[in-house]
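Data first, discussion second: the structure below is written as structure tokens.
The chains carry the letters A, B, C, D, E and F, assigned in the order they are written, with residues numbered from 1 in each.
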């Protein structure tokens, strides 16, 4: 696992630690490229592909954040379930070659970009400027601890998750149900 | 509820019975023939394309009566003969079988009253050229005699 | 017996031909008379009417010739008697300048009865009414007959070439068709 | 009644099954208008290998045309030849020796089993099981070997002649046939275990493509399609021809009308065919295989003749219109699959494509026989 | 951290090699097995017992041109076969073949395998969608509904094993079964698995594995009698080859999981010489069963398949889960 | 601080989270179809999750809470996707379009 003590000297590129750093950089690149595709590509299916790439990258980030469990859950839920659902919906609902160019205002692109840049930049500046205090850990955050906490201190969250999912399933069924003629 | 489990059970059993059958077959010897490496001999009555029958003197039995030509439904036989001076019978000079059109029905052999035609036992005829299947039966007869 | 019943129904449909001698025949004599009768038929075209034929010779029991306008009624008779459709075909009688459309019907029953309904139309303008409204299965048979003989089935829902190429405008089974 | 496929709407799309498609066993094309997996409308397009057999019949003499009939259906050729020779014999008044008739019946039944075996294999292969095809082909090869030894060819036999047969059968054949019967019975039990009892197979076919008696009648369906819908119709029983009245056999009839019923009918039919072969071998009389007096040139008297026979695929009819010359004036071939296939357009509506193709498989299609 | 990650990189390379070799030779085994069942010899010309057939096939596939149909989405069309292969390779990283042969044993190994297995269906969707072929599209829709439907009972049954073992660590699960054949999870009453329902769990898991790997009788995605070749109808050359390899690699993963979860991993049934040999033996026996099943049964229908999942497997696995939980609590 | 040790710095993750969030916002604003918006919303959520996980790793005393929150977000995202997409399909059945602008007549 990732050691929490900061490494004093920067590692050489071809040392073991250096390679770990390279892999982290790859993960960042994967995340950003994936996100870029997801919000920019014209075809929705490609956007889903971008989303998958992005989420695999995010899962990698989680792995670097000492949490393989959440990383795997990320892949399982987002790639295995959400992305599949979205692409399923695209196949069901989106007619091929559905492109209506120029319907919306031409300003929407720059405006969107401006807003996004402002928000992202603001957050980044805020993050860099703030001094985040490090507090000593009281446990190791292992999956066992997650399980115990989830069923004791955070049982409310657990219950909420189950209720939300149940409602979502039923709601989805009710909304999308189409009576088959004949 | 009972039928639900009964269905599952009987379904599973039927699957295992099927698997037993294929399992037994697995250990039985193979039945196929590895074609280019092994071949079968054709049965006696196998109807291949026709060949001329020769008489004892090595001449074809054919008397150029043309019955086979007329009997052929796809008109794939052309034959010609000459009548040499002083002979009773005609002598065959040309017997062409256009195998590209032949449907191996055997009408020619059946129509022949002079025991001049027989079926060959050749079955793996293949070529990329059409001309290869225009057989000159007289030539083939000579080739066989060599 | 279904033969009698069907025959009666046909006779009701074709009353005009009823009194004529060939309509009712003694099956026993027919075998001997076969050859002579055929020769006769050739000379003078057969009148509309129903004949009971010898099954052993011809392979069918009833032979009804109707006018094209009576066709629907005739087919309704066999439909009500629960016949199934065997086939529809044509015969080109080029010498007489006519095309005959032949409908074969039979029964699933052990009370066997094969009925042939024929109708003759002019060769120049062969039009008969469709029976697809009665027998859905006549659809392809009629399309096929249209392909081969150029007979138009009036009211057919989808009369395009079935067996011949889509753009075929020839009718190969006409006697004057030379490939 | 099939109607032309209209332009597709937003909801539906047109799927072309064939002319080259693994499910169609030949060049058959079905234009299907689909709504997702469901078929809204279907139009069968046939005729890709149409050869105009009927015109050939008008241009050739009777013996010349004889081999054409065995090329109509490459799986059950003998049945079709049988119909043709019977109608010509009937028209020309040729007597057939009894031995020839018996041999004909035996051969036709063997051919029927061969055809059904191939159908069985192909049908199960349509449903995704491949091994039964191979087992079926093994048994079929046995039959083909027997037939080849007698007729000289494996598929397009042209074995029957007007008035008799091309070859007499010998003791080898009789021995082989006698050995074949128990072997085939054992195989049928194997197929029962492997396929018929299989839960996946049954679930797929039970209730699939229900055909009513009325539909069968309106379309003129025959063979297992009709018998699977509770119609007791078999030309061998209803209009006995040849020596079939001498045999004791049953016509399997199932009343469910689904694909499983059609399947069961054919499987039981094989057993009945075995019975016929057994009896035929027992009763086989001695004697010639060709009639003593046979006209040199076959010229049936002018007239209209019809003969129906039960082939492997159903009631096959030949209508011969003779004008007294050596060639037929008109020769109509009523092919059974033509009528059986015609059902498909109407009946497959609203079905899922998997079920429709299982249904198509259960119809036992041989495309050259539809297209003629 | 650093060493394990290097280990992982090394393991990925080995996994690719292992998956490729397995895929190639499983094709051979499948063809030979099918041939034996059907009483044919199968590929037997190239090399002894036709053993050179797979590499020759590979060369043939690689030499062919990859034809991209007009109107296809090129990026996805090329990307889909790659996506088909990678979950299998990723999964190999965490599978322990024996005490020492494991690339990187993470404590949520089961989860990792399921996570990557669940991404496999994306490749089918992309392949189906990008080929611009109606058959491919229908196949993709089928494949997705199938994999979604069977993931659920599969996960639920796996949870029963996880409950008994008390761990998601694959090593740990095997260690708990290693004393003798009677301690294997499939056999009830002894060891840690008090659960008499374990054979049922095994059966459900096995059926789900069949369905998840798109194997007959659940190979609806490529139902060749109606959808021609399903999602890979338009693929030739190595695109097809990768799909093929992906399919077989998935089978290997599925069998590995079954071996680890139920059949005691690398432990010997008699307590003798535990090692990777036993693992491979069990693995290939399971794969042989896969092949055997494929050549025995016809294909199910899409609704039959979904009915089996939703009406039989999911209720049964839920009941199984509850009873197992109860049994663990009681004993 | 080398570029190779970025993974040990909280700021890296925070900036990444912000970037993902920004992409999400951009996507939601510019996308015209419901599905596109949904994809962008997933990006938003991912950005938030990355932040949670980063704080969980670097600053929080109890490293379980962040993970539980991330799991919660995942569940919400899955539910959102399910509901959102079923709405999309229902809307598509009604309007034959998944464009947001085509469905302005959608009233309460």
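Assume a residue touches a chain if its C-beta (ideal position, glycine included) is under 8 Å from a C-beta of that chain, and two chains touch if they have at least 3 such contacts.
No experiment lies behind these values; they were computed from the predicted model shown.
Asker: Touching both chain B and chain C, which chains are there?
Answerer: D
Asker: Through how few touching steps can chain C be joined to chain D?
Answerer: Minimal hop count between chain C and chain D: 1.
Asker: Between D-E and B-E, flag the pair that has more C-beta pairs in contact.
Answerer: Result of the comparison of D-E and B-E: D-E.
Asker: Among all chains, whose Cα centre is located farthest from the one for chain E?
Answerer: Of all the other chains, the one whose centre lies farthest from chain E is C.
Asker: Please flag the chain sitting at the greatest distance from chain A, going by CA centroids.
Answerer: It is C.
Asker: Where the centres are mean C-alpha positions, what is the separation of chain A from chain F, in Å?
Answerer: Here chain A and chain F have centroids separated by 6 Å.
Asker: On a C-alpha centroid basis, what's the spacing between chain A and chain E, in Å?
Answerer: Chain A and chain E have C-alpha centres separated by 27 Å.
Asker: Based only on mean CA positions, could you tell me how far chain A sits from chain D in angstrom?
Answerer: About 62 Å, centre to centre.
Asker: Chain E to chain F: how many Å between their CA centres?
Answerer: For chain E versus chain F, the centre distance works out to 32 Å.
Asker: Which chain B residues touch at least two other chains?
Answerer: In chain B, the residues touching two or more other chains are 15, 18, 21-22, 25, 31.
Asker: For chain D, which residues are shared contacts with two or more other chains?
Answerer: 10, 131, 135, 138, 194-195, 198, 200
Asker: Out of chain A, which residues touch more than one other chain, so two or more?
Answerer: Correct list: 2, 17, 20, 69, 73, 81, 88, 90.
Asker: Sort out for me which residues of chain D touch chain C in the complex.
Answerer: 1-4, 46-47, 50, 52, 54-55, 58, 87, 90, 216-221, 226, 231-233, 237-239, 301-308, 315, 317, 319, 321, 329-330, 332, 334, 338-339, 342-343, 346, 371-372
Asker: Give the list of chain D residues in touch with chain E in this complex.
Answerer: Touch list, chain D to chain E: 13, 15, 17, 21-23, 34, 36-37, 124-131, 134-135, 138, 194-195, 198, 200-201, 203-204, 352-355, 357.
Asker: How about chain A: which of its residues touch chain F in the complex?
Answerer: Residues of chain A touching chain F: 2, 6-7, 10-11, 13, 17-18, 20-22, 24-25, 28, 31-32, 35-36, 38-40, 44, 47-48, 51, 54-55, 58, 61-62, 64-67, 69-70, 73-74, 77-78, 81-82, 85-86, 88-90, 92-94, 98, 100, 103-104, 108-109, 111-113, 115-117, 119-124, 127-128, 132-141, 145-146, 149-150, 154, 157, 160-161, 164-165, 167-169, 171-173, 175-176, 178.
Asker: Give every residue of chain B touching chain D within the complex, in rising order.
Answerer: Answer in residue numbers: 10-12, 14-15, 17-18, 20-22, 25, 31, 43-47, 71-73, 103-107, 110, 119.
Asker: Once bound in the complex, which stretches of chain E touch chain A?
Answerer: 1-3, 5-6, 9, 73, 75-76, 79, 106-108, 111-112, 114-119, 121-122, 125-126, 129-130, 137, 140-141, 144, 147-148, 151, 168
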